[in-house]
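Labels for the chains are A, B, C and D, by order of writing; each one numbers its residues from 1.
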Amino acid sequence: MVPVSGPERARSHLQYSVAMSELVLTLQCPDRPGIVHAITAAIVAAGGNITELQQFSSPDSGQFFTRIEVQGSDAAELREAVGVQTAEFGASFHVDDATRRTRTLILASKAGHALNELLYRTHSGTLPIEVVGVMANHDVLAPMARFYGVPFEHRYVTPESKPDFEAEIRRVVDEQDVQLVVLARYMQILSPELCAFLEGRAINIHHSFLPGFKGANPYRQAHTRGVKLIGATAHFVTGDLDEGPIIEQNVVRVDHTMSVPKLVQKGQAQESQTLAEAVRLFAEHRVLADGHRTVIFR
Amino acid sequence: MVPVSGPERARSHLQYSVAMSELVLTLQCPDRPGIVHAITAAIVAAGGNITELQQFSSPDSGQFFTRIEVQGSDAAELREAVGVQTAEFGASFHVDDATRRTRTLILASKAGHALNELLYRTHSGTLPIEVVGVMANHDVLAPMARFYGVPFEHRYVTPESKPDFEAEIRRVVDEQDVQLVVLARYMQILSPELCAFLEGRAINIHHSFLPGFKGANPYRQAHTRGVKLIGATAHFVTGDLDEGPIIEQNVVRVDHTMSVPKLVQKGQAQESQTLAEAVRLFAEHRVLADGHRTVIFR
Amino acid sequence: MVPVSGPERARSHLQYSVAMSELVLTLQCPDRPGIVHAITAAIVAAGGNITELQQFSSPDSGQFFTRIEVQGSDAAELREAVGVQTAEFGASFHVDDATRRTRTLILASKAGHALNELLYRTHSGTLPIEVVGVMANHDVLAPMARFYGVPFEHRYVTPESKPDFEAEIRRVVDEQDVQLVVLARYMQILSPELCAFLEGRAINIHHSFLPGFKGANPYRQAHTRGVKLIGATAHFVTGDLDEGPIIEQNVVRVDHTMSVPKLVQKGQAQESQTLAEAVRLFAEHRVLADGHRTVIFR
Amino acid sequence: MVPVSGPERARSHLQYSVAMSELVLTLQCPDRPGIVHAITAAIVAAGGNITELQQFSSPDSGQFFTRIEVQGSDAAELREAVGVQTAEFGASFHVDDATRRTRTLILASKAGHALNELLYRTHSGTLPIEVVGVMANHDVLAPMARFYGVPFEHRYVTPESKPDFEAEIRRVVDEQDVQLVVLARYMQILSPELCAFLEGRAINIHHSFLPGFKGANPYRQAHTRGVKLIGATAHFVTGDLDEGPIIEQNVVRVDHTMSVPKLVQKGQAQESQTLAEAVRLFAEHRVLADGHRTVIFR
C-alpha cells in the first residue's frame, strides 16, 4: 500500500480546528476512596489545568473510570506524575495528545455509504482521524478512496487467500502505527486470531439494533418479524460474532409499506451516522471498556 | 364483577370529542385490479362520503388492505353494499361505528404505570375505549381502578387456580361483549387455549425492543448486554411467547451510568406510552393483520 | 391548606429506593486552575468518598461548575471543609442530603395530564419529591389530588383576586419550606414580583418547542405553520414570558392529517414526560444556572 | 455548463432499482362526495391497476388531495381518462412516469456536506433524481461535482453580479427542463423574482428547527438560547425568508458542553439527512401544497 500525499490530504490536516485541550488522561482501576484527589494532585504537580473531567464508578465491576482533559502540562511529565500518584491504586492509564489524529485503517467491501461518511467527515475536519488506508475485498470503492487521497488496496478474499489478506492487515496495523481498524460494512468474518490481535481497537457496524437480528441479512429478518423500528449498532469486534461491547446505537421508524430494499436504503443513513459517531468517540478517547460493556464519556 | 357507575364514568363518555367519521370500513382480500373502484362504488351506492382512505397491497402476502372512513351512510346499508360489490373478490371486511368506544378488559399485576396511563387517557377522553373492568392477580391496583370508576377483580393466581382465573376471563369477554383484552404488565403467561381464544384481540406490552431480550427480566438482560437504547414493544398475544405480531415500538437512550432499577424507571414511560398508542390504533380500527406482520393505517 | 396523611402518603416515602449517595455537593465559581483539587481535598478531609463527579467549565461565562456525590461524610463537616478550601475561589455551593425529597408545590388549572404524571411518579417512588400541595384556579383536579393524599386548594383567579392568590402561594412557599414550585399547565401568568420571588426555583412546562410558538395556543400556531414535529419545553420561570432558561425539551413527529385537537392529544404525553424529567433533574440537584442557560449534569 | 458523461454517470442511471409503479397520479380539488370513485373509474377505464393510494381531505382548506400509483396503464390514456372523469370537480392533476428521475439543479456555496449526501445517494441509486448541474458562488466544491460526473459552474456573487447569476439559473432551469432546484446550504438570498419563478419547485435547507432561529447564524442563536435539541428544516423557497411551506424536519439532542462549532458539526448530519429526505419525497411526487402547509404522502 503506497501512501498518497497531495493537496487533499494536506488540507485535511489543517481543518480539525475544534478546540480541544492538549492532553487527555484516561484511567481505570479498582474503585476506592481518594482516587480523584490523587489524580488531581498529579495534574497540579504537572502544572496542568483541568478543562473537562468525567468520572464513573461501576457498581457491577467495582471499577473506577475517569477521563480528564488537561491543558498546560507536558505529556511525559503528566504521565510520570500520574504514575507516581496512582501506583498504589493499581491503575492503568493513558495520556494522549488530544490534537493527534487517530491513525485508522478502514476495511470495506462494495457498499460505499459508510466509507463515504467516514472519508467526507475526515476530509471536512469533523472526524479527528488520519486514514492510513482502505483495504477491501472488492475494487469498486477505489475511486472514492482516490478522490479523498487515501491509499486503497484490494484483494478478492477466498477461503484460500483469507490468511494472506489478514496477514497483510496485521502488517499494515503494525508498520503504520494503526490505532483503530474500522469495518465499514466489510462483509467478511475475521478469524479468531485477527479478532484477538485487534481486541479493543477494531470497530464494526452491524446493520441491526443488536441483540436483535444477529448474523446475515438483518434487514430481511427485520422485515419478516415486522418490527416498527430498524437500527444500527457500532461495536467492538470480538471473536464472538455480533457480541462485542456496544459503543453506539440508533434506530429509525419504518412501516409496513417498506420492502426489504427500502429498509436497506433507510437503514444506510443510520449505519453511516452510527459508525461515524462511534469512531469519533473512540478517536477522542471517550470509550473505555468495562468488561463486556462500555463506558462512554460524551 | 359489578359494573360501577357514577360521575367519573359518565363524564368520560362525553369527552372523546375529536371528530371522527361515523363509520370505519376495514377490508382485506387477495389483491387484484378493480378492488378500490368496487369498494368506492359500494360507498357511493350507500350514500356515503369518503373522508379518509388508506390502502396497501402487500407484495409478501399478495393481500390487499384498506381502511376507509365514511360519513353520511347507514352501517347496515354500507355493509350490504360492500358485501355485494366485493363478493367476487373473496373479501373479509368490517363496518364499525367510529363513535363507539372499544369495550376493553385490562389484565394487570402490581405495577401501575401502564394501567394508570390507560385509565387516565380513557378518562380524559383521549383514548376511545370503554374499560369494562380490570382483572389482576394482586390487589394493589384496586384503589386506582376505583378512583377511575372501573370494576376491579383480583385473585392470587397459582398453578391450581390459573384455569379458574382464565375461565373467568373468558366469561367476562363473552358476557361483557369485550372487543379487546390488554395485558398492562400482567406478569402471567396465558395458556395456549386462552391465547387461541383471544387471537387478534389481545395486546401485550413487553418491556424490551423485541426481538431483543425476550422472556424474563429484559431490563437486566439489557444492562448486561450494555445496549445504548432500551425499548418497549406492544404486540398481539399469541401462543408463542413474545413472538406475536408487533403493533408499536419505541426506544429511549440510556447510558453506562444507569443501574437496572434506573433502566426500569426510564423504561416505564416507554411502556406506558407504547401500550396506550397501540390500544388507540386498535380501537380506531387502524391495525390489520398480514400474517405474522401488521398493517398500521395511521 | 391542611396537610394530609394516611397510607398513601406513608407508602410513597418508602418507595424511592434507587440507591443515591448520601450527599450532593454542587458548586460554581469563576474558573481557574486547581479548583477540582481543592474540592477533592475538602472531601478527603471530611472523610467522604466520591461516587459520582461531573465538571464543566463554560467558555462563554468563564464559570466553573461541578456536581459531586459523596458518601460517608457528615453534611456539616463537608460544608465547612468545602467552605474553607474554596474560599479563595469565590465559590458558591450547596451540600444537600441526597435522600431528602425536594419539597414541591404544584400549581395547576383544569388539564390533569401533567399533574397526573407528577403525582403518579411521586407515589410510585420514581420522582424524589414531596408534594406539599396543589394550588389551582379550578377545582376539577381536586379528586386526583385527594386520591394521591395531597392537599388541594383552589380559588378562581380574577384580576382582583390574583394578588391574594399569589400572596397565598408565597405564604405556602415560606411556611412549608418549599424548594420547588412546578407550574403543571397552570394557565395564569405570574406577576413580575412572584417571578422574582421564585427565581431559580419555579419550573414551567410550555407546550411548544421553544423558542418557536411562544405565548397562547402554541398547538394552533404549530398547525398553522405546518411543522412536522411538535414539542414541549420545561424551563425556569422568569419575568420574561417563555424566555426562562431551558431545562429539558422533547419533540414528537406529527403529520398533515392531524387537526389541532389531535396535536393537543399527541403533545400532552410530551408535556407530561418533559416536565416530570425536568423536575427529576432539579430534585436530584442536577440543574445549575449559567446565566440564561442551564448546565445539566445527567 | 457543459454536460459531463462517463462511467460514473452511466452507472448511476442503472442503479435506482427499487420497484416503483409505472405511473403516479397526484390530484387536488375542492372536496366533495364521489371524487375517489370518479378517479378510480378513470383508472379502470385506462386499464390501470392501483398499487398504492393515499387520500386526504383538509378540513382547513376544504381541499381534497390524493396520490395514486398505477400500473399497466398508458400515461396519455390515463391523463385523458382522469381529465374527463374529474372535469366537474375542478381538479388539477399530474400524471408522472415513476421511473423517470426528477431533473434537478443544485445551488451550493462552500459547505459540502449537503451536496455530498445528495450526490452520493443519487450515485448509489437511493435518490431518484438526475442532477443536471451544480451552480455555486465558490469553487471549492468543484472537485466533488467532478468526481460524481456532474457539471459544475461557479461565479462569485456580488450585488452587481447577482442578477446575472440568477438569470443564468433561470436559463438552466428552462433549457435543461429542470423540475427541482435544491439549495444545498446556498448562502445567498434569492431575489423575489427568482423565488416567484421557482415557486413550488425549489427546496431549501435551513439549519434550525423552524420557526425557531430564522435568519443568520441559527447555531449561534441556539447556543445563546440554550436549547436542548437542535434541528434542520427543509422547506419550499418563497419570497418570505425561512417562511416557506415545511416539507421535513429533524432534531438531535445537544447539551451544555457543546460550543457553537460543535453544534455546527452535530447539526450538519441533520441538515444532510433532512434535505435528502425532502428531495426524495419531492422526486417521488409525495409532496402536495395545501396553502402554506404541505401534504406529505409517505
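In this section, contacts are C-beta pairs under 8 Å (C-beta built on N, C-alpha and C of every residue); 3 or more make two chains touch, one makes a residue touch a chain.
Protein names from UniProt, one per chain: A, B, C, D = Formyltetrahydrofolate deformylase.
Not measured: the values here are computed from a predicted model.
Comparing the centres of all chains, each the average of its CA atoms, the largest separation from subunit B belongs to A. The chain pair B-C and the chain pair C-D differ in C-beta contact count, and the higher one is C-D. Computed from the mean C-alpha positions, the centre of subunit B lies at a distance of 35 Å from the centre of subunit C. We define each chain's centre as the mean of its Cα atoms; on that basis subunit C and subunit D are separated by 42 Å. Shared interface positions of subunit C, defined as residues touching 2 or more other chains, are 52, 56, 255, 257, 259. The part of subunit D that touches subunit C in the complex is made up of residues 56, 58-60, 209-213, 223-229, 231, 245-251, 255-257, 259, 290, 292-296. Subunit C meets subunit B in the complex at residues 17-19, 52, 112-113, 116, 120, 124, 126, 143, 147, 255, 257, 259, 261-262, 265, 268-269, 273, 298.
Across the complex, subunit D is touched by residues 32-37, 40-41, 43-44, 48-57, 72, 253 of subunit B.
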